[in-house]
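The structure is given below, and queries will be raised subsequently.
Note that the chains take the letters A, B, C and D in the order they are written out, and that residue 1 is the start of every chain.
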């Protein structure tokens, strides 16, 4: 699946998008796998209360199932307008 | 003093403005004098609940003193905007 | 204090641009524009005739602006109101409020419109195929004004 | 459904005129314009960088518009949001609502802005003399959104 990062998360991880092969059942499990990718990922996912997630462009909870998802995006709370 | 009429009151009385010599102490007393001017005035002042009054361009009550007033205006409730 | 009453039309974009030009302390601009509707219930409106009380109108609008500025932190306020004969679709009134934050701008604009409806000396007459008809004041406008009363 | 996201500036007056052109069923038009402020606390802002999530942004704004139309009788709704680098004083966002009556137009515009702030995937970064700084979400924006929850 495609994993997307926005705002400071994108800057900290150093990429806006990466292809991920995963068997993770939920967002939380996916985050555990991503943290194992290295220091940058680990720092980015350090405080989950500061993060939001969207599954296929819809905001979801961290316990949401992702088996059929094509695109998972992580970002801080929105600050538009 | 100058007495001004607006909207349907102006149309019913047939003038926008008239000079009035009066010793009336309050708006209510002035209205009594105006009603004596004829049928048009009488009809216009028939239902005081439908009327508002301004003394020197400020909305006032019917019991307000008018001894020092230069301009008294009568009109229906406002409908701007 | 920016209050204007006249027969001329206005350009909403130009008014907002003028009011915020060269400033960087405004974060939120709210505008309200009132338009002449073509129907009142089942009746077609050919035009609206707007009458006002020159002198008192400007004083009443300025007092409404001053009251809004006492209640909210506003950088700019603009109140324009047209008078005379206006066709359906025509602009009648423009209120613009500018503030650092959106809540103040929204509330102040709504407050100004609610007060204007019941406190500024304008009267509307509808021209219809059955003749002229003075518009009645609406209870909902009195109720809208009452919301803002400070106990 | 009229939702646009892009780098181009917009003309508020032209947008409002286009939306109400030739119509006589609109009595009230409310617009909200958000501008870049030049200061954040004591810090001078050189520019604001606006990032968004293409695809999700348009979907989120369309859903906010749809929710506003479910709650209020609206003739027209317009939501424009700019992205990219914007200087202090620049326009960021425009929301326009049109209805027969003013209360619906005011409430819907404020609702759309409150929802947009917390539900549309935009992120702001301030460019200052001390470097870039991502803007934090504000508790007051979450509280503003919570006001509209239907129990």
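One rule holds for everything that comes next: a residue touches a chain if its C-beta (ideal position, glycine included) is under 8 Å from a C-beta of that chain, and two chains touch if they have at least 3 such contacts.
Since the structure is predicted, the reported quantities are computational estimates derived from the model, not experimental observations.
Student: Treat chain C as missing and name each group of chains that still hangs together through touching.
Tutor: A, D | B
Student: Using mean C-alpha positions as chain centres, tell me how far chain B is from chain C in Å, no decimals.
Tutor: Distance between chain centres: 26 Å.
Student: Starting from the mean Cα coordinates of chain A and chain C, work out the distance between those two points in Å.
Tutor: 48
Student: Please list all residues of chain A that touch 2 or more other chains.
Tutor: 81
Student: I need the residues of chain C touching at least two other chains; which ones are they?
Tutor: 34, 102, 113
Student: Strictly by the criterion at the top, what is the full list of touching chain pairs?
Tutor: Applying the touch rule to all chain pairs gives A-D, B-C, C-D.
Student: Which part of chain B faces chain C closely enough to touch in the complex?
Tutor: Of all residues in chain B, those touching chain C are 4, 6-8, 10, 54, 57-59, 73, 75-81.
Student: Can you check the complex and tell me which residues of chain C touch chain D?
Tutor: My answer: residues 11-14, 16-17, 20, 22-39, 88-89, 100, 102-103, 105-106, 109-110, 113, 144.
Student: Mind pulling up the chain D residues that touch chain A in the complex?
Tutor: Chain D reaches chain A through residues 34, 50-53, 55-56, 59, 81, 92-93, 113, 116-125, 134-138.
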